[in-house]
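The letters A, B, C and D name the chains in turn, as written, and every chain counts its residues from 1.
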Amino acid sequence: MELNSTWKWIVVAILFILALIFPLFADEFMVSILMQAYLWAFLAMSWDVIGGYGGQFSLGHAAFIALGAYTSTILLESYGVSPWIGMWAAGLVAGAAGALVGFASLRLRGPFFALGTIAFAELVKLLLLYFKDITGGPLGILITKSGPEYMLFESQAHYYYLMFALMVAGVLFLKWFEASRFGIGLVAIREDEEAAEGVGINVYRTKVIGAAISAFLTGIGGTIYAQWIHFIRPDIIVKLEYSTQIAAIDVVGGAGTPYGGLIGALILVPLSLYLNAIFGGMIAGLSLILYGVVLLVVVVMVPGGIYGLVRRKWLSRKRGGK
Amino acid sequence: MLEVRDVVKRFGGLVALNRVSLTVKQNELLGLIGPNGSGKTTLFNVITGYYRPEEGRVLYRGEDITGLRPHLIVKKGIARTFQIPKPFGRLTVLENVMSAAMYGRKAASRSEAKEIAMDWLEYVRLKDKADVEAKALNIVERKLMELARALSTGPDLLLLDELVAGLNPSEMMEVVKLVRKLVDERGLTIIMVEHVMKAVMSISDRVFVLHRGAKLAEGSPQEVSRDPKVIEAYLGEPIQV
Amino acid sequence: MVEFSAYTQLLVSYAILGGVYGLTALGLSLIWGVMKAVNWAHGDFLMVGMYTAFWTVTLFGIDPYIAAIVAFILLGLLGMVTHVIAIEPVVEKPGGHEATLLTTLGISVILESLALILWSPSPRSFQNVYKSTYIEVFGIRTSVAEAIAFVVSIVAIVAVDQFLKRVRIGKAIRAVSQNPVGARVVGIDVPKIRLMTFGLGVALAGMAGVLVATFYPNIRPLAGYVWDIASYVVVIFAGLGTIYGVIFAGIIIGVTEGLGTIVFSNAFRQILVYVVFLAVLLLRPQGLFGKALRRV
Amino acid sequence: MLLELRKINAGYGDLQVLWDVDLTVDKGEIVSLLGSNGAGKTTTLRVVSGLLKPFSGSVMFNGKDITKLPSNKRVEMGLALVPEGRQLFPEMTVLDNLEMGAYTKRARNKFHDTLEWVFTLFPKLKERRTQLAGTMSGGEQQMLAIARGLMSRPEVLMMDEPSMGLAPKLVLEIFGTIKKLRDEGVTILLVEQNAKAALDVSDRAYILETGKIVLQGPAQELLGMDEVRKAYLGI
C-alpha cells in the first residue's frame, strides 16, 4: 500500500513536469490543442459539480460561459477592469443565473433541470442579441486591450500555462469538494433523495446551491475563454454544441469524479480538433459526430465513463492479485 | 413524547390509515406490528413527513409537526430507517454515516462528524467497512449502516422499519440486543416495526397492533400475544361460505 | 381599426403556428408518458422530416402531403432503430431515465452533423402551390399551407388520442404508461410497446416536419433546434404525458409569441416565451393540464 | 402435473429469499401457499409469473420448461397472476382494464364470452364498467384485479393476498368467489396471510418459513397443526 501510493505520486509528478515543459519541445499546434483540452476539462469539471456529483444534467452550460465572458469583457472594455478581477464578477453573475435556473427547475426530480437550462441558454442568447447597447448585439465585443495585467498574452504558451493552472485548480477543487460537507450532501441526494431528506438534508436548497457553484465556475471559465479568443459574439459563444460538448466530455471521461473532465477532454478535444484540421472545410460537422457517437457508445456500454472503467478494471485486478 | 392523533391517510380509493391514534412515552421501546398492508410503514411515513395525512395531527413534545418536510423533522430529533435500505451507494460507509452527523440535528463539522460516525459504526460493528463503497455491502451490513446513519443524526426518537427482516436468527438476536441497549443505555425512545414476532416480543416494552389501517390492540407483549383478536388477525378467521 | 385587424391577423397566424407546436410536442409527450424518457433528438427528427419533404418534392415532384405520409413511415422506422440503439438498452437500468437524455443527445448530435455533411448548412425551401395560395376567412388571410398544417395538426392529435382510447394497441400503450407491472402481468409485451411508442412519436415528428416545410422557408440542418425548444416548452406547459393538453398549450404559446411581437417587438417574442416557460417550471412544474405529481 | 417448481432459488441482488423451493399444482386444485410476512410467498409468485428471474431451478408448466420465458409468453400459455397491490390501470375504465386482461391471442377471440362470464361472477363490475379503476374502493379494485386475471382465460390463476387490507365482509366475499371459481374448474395457486380462510377453501397447502417450505399436505390436516401457528406467530 505504501509503495503503491509512492508510485502514484511519482507518476503524477512526472506527468506534471511533462505537462510543464511540453511547450518547450512541442509545436504551436500541439500546444494549442492541449491548451484547449485543459480549458474544456475545466468547463467539464465545472459542469460536473451539478451534472456529475448532483446527478442533474445541464444542457445549457453555454449560457454560463456566455454570462461569464460578457461580464468580464464588458467590465474590461467599458470600465477598464482587469479580468483578473473581472472573472470573479463573471463567476458571481453566472452563479446567480445558475441559482435562478435551479430555483425554477430543481424542485422536482426529472428532466426539468435539463429543460430549464436549455431554455435558459436560448433566453441568454436572445437577451444578448436584444440588449445591443451593452452587448454589441450580433456583432459582439472585440477585446482591444493588451498586456498580462489584462490577462492578455502574446504567445500560445502563456495561455497554455494559464489553462493548465485552471485545469489543475479544477481538479484540486473537485477533490476538495467531493470530500466536503456540501459535496457529500449533494452526492447523497443524487444517490437517494428520500434517504437524503431522512438524514436532514434540505434537498431543494442543496441542489440549487450546487447549480450555482457549477455556474460560478463555468462563468470563470467563460472569462478565460473570452480572453483567449479575444472576441465574443452570441452565436459563437452560446452555441448549443458547447453545452453538449461540456456534458459529453464529462460523461465520457467519468461523471462525478475529479478526473473525469480531464480524461474526457484529453481524449475528445484533440480528436475533434485533429478531425477538424484534416477535414475542416470539406466536412464540417465530422468532429461533432465523434462527440455524438462516443457519448452514445459510452453511456450504453460503459456506464461510469472511461475513468469508471479503468478504475473497475484496476480494482478487480488488485482483488484478483490478493 | 410523540402523539399521533386520529390520523387518516388515503391512496386513491384505499384507506391506508383510518383514524389511528398512538402515543409513545420518553425512553420507551414500542413494537408496532400487524399483518401485511395494515399500514405500519404508512404510519412511519406520516410521522417522518414523507406523507401528509388527510386528517389528524402528529405532535412531538407537544409541538405540531404534521406535514413538516422530512429534513426538518430530522432536525427536531426524529430519525428513521427504511424497510428496504437506501444507502448512498457511491459514497463510502463512513461518508454515508458522516452525512447524517453533518446534516442531522446539530450541524457537526467534518472532524466532529467523523468522530460521531466512527463511534456509531463501532457500535453496530461495521467499523472495518468504513472505507468501503456502500453499494458493496450485503443486506445485513446495509441495515446496520442505515441504523448507524439514523443514529448519527442525533435523534431522541428513532423509528426502525423492519430492521431485522432478512437476517438469520443469530444475527437477528444480536441486532435486537443492540436496539434494546439504545433504549437502556443511551436513553433513546424507539418505535420498531417488525414482522419477526420473536424479535418484537422479546424486547418491546409495549406492543401496538395495527390491522387494516386501525388499532386492533395495545399492551404488554404478553397481553398482546394472548389476545384472541390478535391471533385471529394473524391467522385469519375461518370462512364459512 | 386597421391596426386592430392587423393584430388579429398576426395573432391568428401565431395561433396556427401554435397548433403545429402542439403536433411537434405530441410525440415528445407520448414518449415521456410511456417510458419516462426525454427524446432530445426530437427536433432533429423533425428536421429530417423537413428534408424528406424537400427531397421528395424537388426530386420526384410529388405532392408535399404525400411526402408527409412518406416521412411518417420513414421516420417511424428511423425512430424504431433509434429506440433499439439508444433507449431500450438503458431505459430499465437504474438511472435509466437520465441516461436516455444523454443517449438521445448523442443521436441528436449525430443527426445534425450528418445533415450538415450531406446537405450543407445553407437553408433551402421549395415552392409549392399551397404556400402561394391564400384563403380569407372573416377578413383574416392565411396561406393554404398554414391552414392545412393547422388542421392536420389538430386532426393528428385527435387521431392519436382516439387511437390511445379505442384501439387495442393504443390501450396497451396507455396501460404500459399507467402501470408497467400491471401490463406485464396481463401479457403485454412491454418492450415491444415501448418500441412502437417511440416509433410513433418520431413518426409524428417527421410528419410535423413536412407540414412545417410546406410554409417555412428555412430548411437547414439545425432547423430542428428552434422547433425542439418550442416543443419542450409546449410539453412542459401542457404537462408531461398529456395528449389534448398539447393543442391548448401549443396555441397558448403561439399566441404568447404573437402578443410579444405586438406589445414589444419581434425580437422580444421568444424572450417572452422562455420567461413564461421558466415561470411555469417554477410555479407549476406539472404543467397546466398535468396532474399534481406526488412526492415520494 | 400442471405447474411444477423445481428447486427454485431466487432473490433480489445479494439477498436470497427462496431456498430450494419445490411446489406442484395439479389440474383443478386449489393450492395455498402460506406463511408470515417476508417468508417469500410473493417472490415465489413473481418467479412463476416471470416477473423475477430465479438464480437457479426451473419452472415447468404443462410439461414445458418456462423458466426463461418472458411474462407475456406465460400469460399466453395460460398462466395468469392477480398481483399484490392489484396493479390496475387507474386511469382506464373498468371495461378497458378487462379488455387489457384479455390482451393475449389466447383470450382475445373469446373476449365477449369471457366478459359475460366475469360479469356474472362480479355483477357489480358490470354496473361500474365505465368508471375509472383508480376511483373505486379497495374491495371493488380487488374484484376487478381478479376479474382482469380471469379475462386471460388462465389454466392456472395465481392470486397474491386477495384479502389484503379488506374489511371482513369483503374478505368473505373474495373467498366466496374463490370457491365459485373452483367449482367452475379454474386451477388456483393462492398466496394468503389469512391462513384459516385460505385453508378452508384449499385442497392442499404449503407453508413457507424464511424462504423454505417447512410443511405441506392436505389443507384440512394442516388446519389443526401447531406448526402452522408457529410459522405465523414465531412463538
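Just so we're on the same page, a residue touches a chain if its C-beta (ideal position, glycine included) is under 8 Å from a C-beta of that chain, and two chains touch if they have at least 3 such contacts.
Computed from a predicted model, the values in this text were never measured in an experiment.
Shared contact partners of chain A and chain D, listed by label, are B, C. Any chain that touches chain B and also touches chain C is listed here: A, D. The greatest centre-to-centre distance from chain B, using averaged C-alpha positions, is reached by C. The pair with more inter-chain C-beta contacts, choosing from C-D and B-D, is B-D. For the pair chain A and chain B, the distance between mean C-alpha positions equals 43 Å.
If you average the Cα atoms of chain A and of chain C, the two centres end up 31 Å apart. Residues of chain A in contact with at least two other chains: 194. Under the contact definition stated at the top, the residues of chain B that touch 2 or more other chains are 50. Residue positions of chain C touching 2 or more other chains: 296. In the complex of the two chains, the chain B residues touching chain A come out as 48-50, 69-71, 74-75, 79-80, 82, 86-91, 95-96, 98-100, 102-105, 109-110, 113, 149-150, 152-153.
Taken in their complex, chain C has these residues touching chain A: 38, 40, 85-86, 89-90, 93, 95, 97-99, 101-103, 105-110, 112-117, 121, 221, 225, 229, 232-233, 236, 240, 267-268, 270-271, 274-275, 277-279, 281-282, 285, 293, 296. Partner chain C is touched in their complex by these residues of chain D: 49-51, 70-72, 74-76, 80-81, 83, 86-92, 96, 99-101, 103-104, 148-149, 151-152. Contact residues on chain B toward chain D in their complex (touch as defined above): 12-16, 35-38, 138-139, 162, 165-166, 195-198, 201, 212-213, 225, 231, 234-241. Contacts from chain A toward chain C in the complex involve residues 55, 57, 59, 101, 103-105, 107-108, 110-112, 114-116, 118-120, 122-123, 126-127, 129-130, 194, 240-241, 244, 247-248, 251, 283-286, 288-289, 291-296, 299-300, 303.
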